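These are the structures, in structure tokens.
One chain, chain A, appears in both complexes that follow, with chain B as partner in the first and chain C in the second.
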Partner chain A sequence: MKAQKNIEYKATSNACKLCSPLGASLVFRGIEKSMPLLHGSQGCSTYIRRYLISHFNEPVDIASSNFTEETTIFGGGANLKIAVQNIIKQYDPELIGVATTCLSETIGDDVPLILRDYNKNDSGKLSPAIVSVSTPSYSGTHIDGFHGAVKATVDTIAEKGNIEAKHVNIFPNMLSPEDLRHLKDIFFDFGAEHIMLPDYSQTLDGPLWSEYQKIPEGGTTVKQIASMGDAAASIEFGRILAEEESAGKLLKKKFQVPCYSLGIPIGVNETDVFFNALSTITGKPVPEKYVQERGRLIDAYADGHKYVFEARAVVYGEEDLVIGLASFLSEIGIVPVLCASGGESGHLKNKLCQVIPDFETRGIEALEGVDFVDIGDAAKKLSPDFLIGSSKGYKIAREINKPLIRVGFPIHDRMGGARILHIGYKGTQQLFDTISNIIIASKQDASSVGYTYM
Partner chain B sequence: MEPMRKETTEYEEKTDNWKDIDPKKVKQEIMEKYPPKVARKRSKHFVINKKVDDENYTEIQANVRTIPGIISQRGCCYAGCKGVVMGPTRDIINLTHGPIGCGFYSWLTRRNQTDPSTTPDGHNFMTYCFSTDMEEREIIFGGEKKLKAAIQEAYDIFKPKMISVFATCPVGLIGDDIHSVTREMEKKLGITIFGFSCEGYKGVSQSAGHHVANNGLFQHVIGLDDTVKEGDYKVNLLGEYNIGGDAFLIEDLFERCGITLISTFSGNSSVDHFSNSHTADLNLIMCHRSINYVADMMEQKYGIPWLKINFLSAEATSRSLRKIAEYYGDQKLIDRVEEVIAEEMPAVEKAQAEIRPRLEGKLAMMFVGGSRAHHYQELFKEIGMITIAAGYEFAHRDDYEGRHVLPKIKVDADSRNIEELDVQKDPEKYNPRIDKKELEAEERHGVRLKDYEGMMPDMEEGDYVIDDISQYETEKLIETYKPAIFCAGIKEKYMIQKHGIPMKQLHSYDTGGPYAVYKGAVNFYYEMDRMINSKVWDHIKAPWEKSPELSAMYAYE
Partner chain C sequence: MTNMPILKEREKQIYQKGAQAFDMTCEKKSLAGSVSQRACVFCGSRVVLYPIADALHLIHGPIGCASYTWDIRGALSSGPQLHRMSFSTDLKEKDIIFGGEKKLYGSRVQLIDKYHPNAAFVYATCIVGLIGDDVDSICKRVSDEKGIPVLPVHSEGFKGTKKDGYKAACDAMAHIVGTGSIEGIGELSLNIMGEFNIAGEAWIIQDYYEKMGLEVVSVFTGDGRVDKIKRSHGAKLNVVQCSGSMMHLAEIMKEKYGIPYIRVSYFGIEDMSKALYDVAEHFSDHPEVMEKTQNIVRKEIQAINPVLKQYKKVLSGKKAAIYVGGAFKAFSMIKALRSLGMEVVLAGSQTGNKDDYKLLREMCNDGTVILDDANPLELSKYCIEKGADLFIGGVKERPMAYKMGIGFCDHNHERKLSLAGYSGMLNFAKEVYSSVKSPVWKFAPEKKLS
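Let's look at the complex of A and B:
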């Protein structure tokens, strides 16, 4: 895929990706009474906490097995066991999610084996579920750690109870807490029981506490995860994820749960697919509320298209988010001239072509495995009207003096990253209004007259 | 702007009673919840401040490993080296050799400020984050090739004066020798290039990384440029990182006093300043923990003495300025310093008089850094607030108890792993700036050199001094005391605010600052007033929660 790059950079300057243990930690924070534990140096957990905390503006506890120089020589087994013991005594969790780091992976610690030993030693006691996932930071990006942790959790815990299946599993990809809340509303309005993994809608965007909470309330319960094998169907979001060994596909293989691999529902097209699928799975019509939402959205498209068509956008972020956003932009007449990601699945261009019929004729560029210097270089040539992605693209926006619309993760320079709604007709509506207004504002600010009527 | 102000708060009712709480009991209750082994260890870090004799306070355990599974504030060796000490220098290309995470996470998150217009080439690479972005193939086949290519590439694009390379956890393990690569590339490119062995697992915290960074600077940069600059009273400022623009205010103050600043380590700093810093007469130390090594080594090699100073709070600033003037013993400087103090103090006193009645007697807690938790106490004192609990993330015993305990500190395996340089007098450049007798006596004109008494003597007996505080201990303390404000870093911020208590970041200052010297102090007073007396804390309880009798009545009806 490197061949797609404009310049063959050896080093990465201003990366457009984070490391895989971050994604895994996020997933484990979305399980009820769960504690993520990074097997490596304490710096990993500290850095990742800081990054997640700064985005969500919420406490995020992540434990560490605190490697020492000796640990790196003799192996991290003893440290990991002590860490697990101390977490159990202090936090009394129902699940401990162990993710590895580049350090423990490089020295070759066999984490499942160490943890198996641990369980044996403590037999008789009621112990929490322990899930482990291999997340060496030198392989893949944060989104791989995210999907890896979802899959490992399902693999370890989900069972088939041979009961009559009726609920739907939803693997939502790395969305905002607001997105997750909206998804829950949609399932509720459909009258469809669901189990969503992960669900950090409350753990990472909750109210003030009236009393001390060792682990913030909320999240998918271990019991729910166990029953995922009994579901009527699974839905997973992400056209790239569709190409990968995912939790949804694992459930299909192990327990014959049908799996619907859909795009992230941003824009009318991708959201229609999602609602259609829900309707098919549940055998129920789309609730009137959403018919209305869709209607209002199309009405807004009609009213606002004059502002946005032929506008040029630079889109960056996780590949699946980029595909969702590009699909939406393209359907309202905005040309996503550059679709870029630090991820490198090898599928980005193909998938973009699926959602953007005029991808080739528009001369849209799809760049995988790039950093913000690559994106900036390309952006400067493409004279975009705005950028859309995480706050880390701000430097480019500033250089080319174009607005940046902040979506996704991380958003470290604005309030409310956790409350951005990206998905569904409602999320699309908000994105549409935001984008239209940014374009209108640019025109307004650039005018010498100073019109108050645009 | 008139700050939003509330009427009364819950904790105001409590602050009167806090003296009735028995700290020993609080400690006991906290320790009881730990497994016995952990309790034994944490107990030594969790000290109730007490003077033992004329010189000594209760011994505290510090700079030892955090227990696995205990959630700590601490970072790693790499964080201390790259993020803290080397990060804030604008014209060095700081290249992280490792997987992408480490570089990304240390990408200008400390809000260090810099002014590139003051160096001729105008270089500023601080908004960049350079990484070799090691992938699986490098872990298997080695990353030296990629590192070389990255150095070459950085040189080709930016033509920097200096490139430094930071090792992350896997580097040593896969056998990459960053030092031989940097030596080779230095020879090839003719600029200063060197590496830091600051793998994350080394040492017990970021403190190890500070030491590694100090050693690197001392070996590779300091002393490269012998040009002697014009000016009187030439000083270096050590351990000032220009967060929120603090260093700019200090620079301005120095200029007005006629003090010539050669180099700051490392805030608004440049390689040019570092290279030339051995031409100064005196080193001034702000953050004792992160940079006292450089001061000691510069004294040994070049004969430059050092003084501990503090520019946080008006009182500390005046004291520090007088100390510097006294050290030089030059009437011109002594008078000038007094003039500047006299110019600054009216505004300070006016602000104090305004703010004090609104904050008097309120409690503060602070757990941050290796010096900040000490320095900020004076700022709180100036507005009548009481720091009842304080501690550091990564300090050593001397930062708590004073440097006189240095010979008594046990060197454990973790500390031994960080190189101690063997420094000798430079045959040509050694030049004792003051009388040999004064250097030996560590005193000049009544001013103690190389002296730092630590945090404990500045705190009351019965106050809490807690090293490497855990999440759980933090929770318990704020539950017990409901302080008016809690100071730490971003990791603690939202957990504290979940309890309805304002939390001030003293690492990156949130979006605030500067807080240094006089203008900064005034800034800080107002900031504390706005935070503590903000109306938002009034909305925590809904009306139906405020009068439960009313709700109960409705329910009954």
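Let's look at the complex of A and C:
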């Protein structure tokens, strides 16, 4: 009885997740001239800024409504309004994205109500636009905050005009700026107009400035978001997201925009699905450039297949990323022996079975809601050849003396986290080369001969 | 002039020397929507207690506060590494509704059984303050059951600033101080306080004191151990560094055990030497201490001076901006930068008080901008206006400096480079030099003042 009780009240040790307002802040940083505002204590904003800055190496301003003791007693309405006012004065944004925190949620502040009539301009519109999203961290992780903010933005701003637009909405999930740039290229090469939300490809990975930018340039414009209701179709990445009330589904419900829920396009299988969907939507064939990329990738698969075959990988991170990576790994013969996430959608195993047909017979472990101590314990038993995930797995990699391939978020111990390409044939190519080379290098380093050829 | 707007409510927290009468406001809650660089009460507590390496640090609240502080500080330990783990009660919705006490108790017991720490701290974060868990009585219960000190740290983020967090941490430690045997502690003994062993700095300082013939009973809290803290009341002097993060404990120990304290800084040649001399002065009944001190100082300075002179040659005339947590650090830094021939054009802190800013004003040249609890826009505005070549601050300020095409030196708790002591001064000079003189800045776009 007692043992069971202790299990029930287990602490989280070295969490494999972050809190929801972080995800929301990331989204609001991906909208043009937008400012994130966390409704809660100063510390949450500052810690989240610090965490994002350490990954992106870019300024990340996130405002706080700065709770005091009085706020927690009398409610945060007054503070929130002051915060909005001061943001307008300082930053002159076109959009303010308000995300709640555990605090404002617990005291029960109704943010939309507080800000409902606030700052209406002459034409009766809010100026700047205000999007609010509920992001209590005690129910969900950063990825829920991310999707929640995308959906809230679309819900607040997207409309249906009278035009027959041909553009495609793309909801890319929490990818790297490099991924987002690659996506934009793909749409461009297809000759397909698109609106991507969020788009922090420039705001969180931009050049030096000649004059100080209060809000870094780039991002999806509010105008673009408004026209998302007119799109020919929406594409959203994430097999877990497919199960949820997403922005894509909302547009379908509200404005009958067809929604394609796909996996994150990592590996040939999942990327094919994406390109086929684009072909279907646009009525155009896959551009030759990508046919070539795909061809080269498969050529590389052939060249390197023996090195990677039946290698064992520990994969961790957001569930959708884990599924994307696991799909790719298993299509080249690597066994993702442990697929772990701090998220807890309840769908992880199920979805892994969809992308890994022989999941059951492979003895793959799928763990939801785990922390890095759990992952480390499992990893030790599974004797993997490498780990793949964020830099936070480094401690485990070091302990078991196996290489860590850094992908996803955060990368706090290397340069260039923002420039890792994961998706498409091109991203897969880079991942494939990295993984094969790490396996080859381990063998080479361990060899007494020291071969200078493969 | 840049046209970056300054919020009216913040005007009194910005002062430009020479231009106006000195009437600075400080020690205020940050303004909502201003984007303060400050963290919270919890951050203050965590900074101070974190280096105690054989204690278990459990953060009671939802996951964020723990996730963001996992192994982010450069405080080294020569033994156990327990402090580098991040433990959280990870409160969920049902805990918020029904209270987190059971979870706190269960997690606490489970972790102590697994890691066998010598003490445990429970940090109460914002939510705990709202849902009203009785953290104190649970800590007491676990302490009774497990036979180790289990101490609540009341660090609810919204209940003040970082300074209140320091105080909460000191209060928690005060419960451990005085519970050990002081047998064998001699007359020539001291505690090092407010030194967190970032990149091994406490070891450098401890070494100086030992060479002076002094016994270091406990370091608060760099490479800290519970047993040493227990007997720290046997020391004859407390030497307190930093912007008062440990002043509260020094006061408590003075009152309770009659231990006097002096305040020092280990940064820069001038202040480092003064620290050692002040301590030697305190033990003037033993003239050999002063003698040894003079030797140490002479030798150390001789060792680094020739190299420092080289750096000074190239750095002379460069302009620096400083933005630090506590103002005390800024004083030493201004002196150190001057010794390198550099000029400080902006100096600010997150939590300085009126006296601090007065002193800053006295130290600074005309035209220097002094800022309290600044935000990124203000910092960049004045950096551009004042033509700074270098920014000294923490991780949050780093990309801002780089975006403007100016050098940066990390002087915060995350750094991996020791900056204290004489060797630290050399590191500092080298660090400044490698950023300011890097050839990459020639590719930076020309700055336009808009």
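Miscellaneous remarks
Just so it is clear, the second predicted complex is superposed on the first by the 436 of 454 C-alpha atoms of A that agree within 3 Å, B and C clash if a C-alpha of one lies under 4 Å from a C-alpha of the other, contacts with A are read in each partner's own complex, and residues count from 1 in each chain.
Everything below uses one rule, namely that contacts are C-beta pairs under 8 Å (C-beta built on N, C-alpha and C of every residue); 3 or more make two chains touch, one makes a residue touch a chain.
Because the structure is a prediction, the values reported are computed rather than measured.
Considered on the superposed chain A, chain B and chain C are sterically incompatible, since they clash. Legend: residue contacts after superposition of the two complexes on their common chain; A:M228 is shown touching neither chain B nor chain C. Touch criterion met: A:S54 reaches chain B and chain C at once.
Shared-chain residue A:C44: touches chain B and chain C both. When both complexes are overlaid on chain A, the residue A:L338 reaches neither chain B nor chain C. For the contact definition in use here, the residues of chain A common to its chain B contact set and its chain C contact set are 9-15, 17-19, 21-22, 37, 40-51, 53-54, 56-69, 71-72, 79-80, 82-87, 89-90, 102-103, 106-107, 136-139, 141, 208-209, 212-214, 395.
On the side of chain A, the complex with chain B involves touching residues 9-15, 17-19, 21-22, 37, 40-51, 53-54, 56-72, 79-80, 82-87, 89-90, 101-103, 105-107, 136-139, 141, 208-209, 212-214, 342, 371, 395.
In the complex of the two chains, the chain B residues touching chain A come out as 33-35, 38, 65-79, 95, 98-107, 109, 127-136, 138-139, 146, 149-150, 152-154, 168-170, 173-174, 200-202, 205-206, 413-414, 417, 471-472, 475, 479, 489-491, 493-495, 497-500, 540.
Here chain C touches chain A in the complex through residues 2, 4-5, 7, 9, 29-43, 58, 61-72, 85-93, 95-96, 102-103, 105-111, 126-127, 129-131, 157-159, 375-377, 380-381, 384, 395-396, 398-400, 402-405, 443-450, going by the rule given at the top. Within the complex, the chain A residues that touch chain C are 5-6, 8-15, 17-19, 21-22, 37, 40-51, 53-54, 56-69, 71-72, 79-80, 82-87, 89-91, 102-103, 106-107, 136-139, 141, 207-214, 392, 395.
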